[in-house]
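Multiple structures follow.
You will see chain A twice below: alongside chain B first, and alongside chain C after that.
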Partner chain A sequence: MFLYRLVYILMPIGIFLSLLWVPPANILGDASRILYFHVPVAWVSFLAFIIAGIHSIVLLIKKSDIPYREAMAYNSAAIGMVFTVLTVITGSIWAKVSWGHFWNWDPRETSIVILMLIYIAYFSLFSALKSNPNRWGISSVYLIISMIIAPFLIFIVPRVYPSLHPDTIINQDKKIHLEASMRITLFFLVVTFTLLYGYIYKITNKLSLIIIKLRSSHDI
Partner chain B sequence: MISNPLFFVFIVVLIIWIGIALLLFRIDRKISLVEKEVSEALDEK
Partner chain C sequence: MIRRSLNFVIRGLILQNRIVKLLKKDFYIEFRSRASINISLAFAGITTLSVSLTSATMNLPFRVHSILIWVIIFFSAMNSLSHIFIREEEEGTSIFLSIHSEAEEIYIAKLLFNFILFIVITVVVTPLYLFFMQIWPENFIFFASSVFCGSTALSSITTTLGAIVAKTSMRSSLFTVISFPLTIPVLWISINLTASSLEGGSVDLLNLLFLLAFSGVIVSFSYLLFKFIWMEQ
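The block that comes next holds the complex of A and B.
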């Protein structure tokens, strides 16, 4: 938990680096600084969905600790959902500055919204099956399928169709087109946002465990 | 540095972060406390 609490110190440093230390990008100028928030937030949303999928696989294989593992998958997906919304918001702001409109139906914009809809459907499914004893199995299978779809939507679809979106970090020539200070700041914030995700995830899991313990004690 | 508009953006973002951090810290502390109390109560049972 100590490692995750480092986020309290690392985040202000990251904010300083991204807004005041890094030089502005050549064409976009200061508006490009949103990159240092947009990319880490997008990374965390992807990571959270992958972790939710992994927990679902473990749950289906082990079939033990069902309420806790189910809650862990749900919590990760919920955090991922919040970060996906933040990705769309920061992306739209950036799009307005660089392309002139908040929304352009660019393949990358569209694919992230489809991903968001897939996870909204998961939360609907989860609450609709509240009284179903097989909810854990059904929702786990759904999360695994969503986890398989996510890389297609994030990495493949935007590369198949022509996109206005700038080259991503994992680009076609496998080189990072950023100068050293920009690279350092970006990776610093990727790590910081990952820690933030881990911290929120730990807290939500703790809360879920308390609720599960209390429920089971009432059952006894 | 103060004449730089980005400095004001930095201050605003920092204030927002301080708010989020305080909220997170309080939630973390309260949940740890509840966790301890629940464990003790369940052990007594």
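The block that comes next holds the complex of A and C.
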């Protein structure tokens, strides 16, 4: 837990680095600073999805501690959903500044929206299975199947189909050329947002554990 | 060694026999009621006619034709693909089925049924569309392969999702919600392939193989996971 609490120190430093320390990008100017938030939240939205999928696999293999493991998968998906919405919002702002429109149906924009739809579908399924005692198994299968398909959407489609995404805008040779200070800040914020995810995840899991214990004591 | 392989062959034959029996049962029931196939074919016919009625005189680009073909196929099939599992739940035969057969047998039988149903829908929709819209694919073999591979991939993913929604309280409305994000990659690639074949492009073997590989991966995982959906744990 101590490691995750570092976020209280690292986040203000990260905000300082991204807004004040790092120089603006050559073409985009100060608008490019949104990169330091957009990339980390996009990373966390996918990480949360993978963690939810891994918990589902463990749940199906071990078949023990079912309510808690089910809650762990659900919590990770819930946090992932919030971060996916943040990714869409920051991405739209970026798109408006660089391409003139909030939404362009670029392959990368489309893939993050599909990830959001997968999360929405998972929550819809989860609530529709409320009275089913086998909810943990069915919802886990859905998450695992989604997890198999998601990498294709997030990593392969944007690389196969032509995209307007920054790689081609910032540089002519389609490679990420960031100055050392930019790289450091980006990496720093990716780590900080990962810790933030871990911190929120720990708290929500503790809360779920309390609810599960309360419910089981009520049942007794 | 010989004994072990003999056992393996015998078990395979028994499994095959039971799958064939389940498949026969599904076809008999479907043939008796013709509920899903009738609705799907009627839906496919009506949408194709509606589209051609409103846009046959327009000179639509091939990409738009490809999108329309796949939208009609997708929504026609959506009406019936989950029906095979929902029927078992509604008629109260799912518990009997779980006791009588292994999860893997049920999965393979239902997958084959859905695959055949999807191919039937595709075989009806595609010629109807081509006839009414008065277009002809420049590269017919590529066109047929793209439709076949797309249908295989869609039927493989929707079979598992059909089993999932059959266990929920809001079946038909939820099916579209949970299947849409997972079928997008298949639709995306199928639309591109069909558009390319209509324009007379060269055969895109890589994307065709992708659709088949996608089906293979989904079927393998679904085969392993189906027991968690269908059987009471």
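Simple rule for what comes next: the second predicted complex is superposed on the first by the 211 of 220 C-alpha atoms of A that agree within 3 Å, B and C clash if a C-alpha of one lies under 4 Å from a C-alpha of the other, contacts with A are read in each partner's own complex, and residues count from 1 in each chain.
Rule of thumb we're sticking to: a residue touches a chain if its C-beta (ideal position, glycine included) is under 8 Å from a C-beta of that chain, and two chains touch if they have at least 3 such contacts.
Please read all numbers here as calculations on a predicted model, not as lab measurements.
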item: Which superposed partner A:Lys206 touches (first chain B, second chain C, both, neither); value: first
item: Winner by number of chain A residues touched, once chain B and chain C are compared; value: C
item: Which superposed partner A:Ile184 touches (first chain B, second chain C, both, neither); value: neither
item: Partner chain(s) touched by A:Ala31 [first = chain B, second = chain C, both, neither]; value: neither
item: Touched partner set for A:Pro133, first chain B, second chain C, both or neither; value: second
item: Partner chain in contact with A:Val141 - chain B first, chain C second, else both or neither; value: second
item: Doubly contacted chain A residues - partners chain C and chain B; value: none
item: Contact set on chain A toward chain C in their complex; value: 60, 63, 114-115, 117-118, 120-121, 124-125, 128-134, 136-138, 140-142, 144-146, 148-149, 152-153, 157
item: In the complex, chain B residues that touch chain A; value: 1, 4, 6-7, 9-10, 13-14, 17, 21, 24-25, 27-28, 31-32, 34-35, 38-39, 42, 45
item: Of all residues in chain C, those that touch chain A in their complex; value: 157, 160-161, 164, 167-170, 174, 177-178, 180-182, 184-185, 188, 214, 217-218, 221-222, 225, 228-229, 232-233
item: Residues of chain A that touch chain B when the two form their complex; value: 8, 11-12, 15-16, 19-20, 30, 33, 199-200, 203, 206-207, 209-210, 213-214, 217, 220
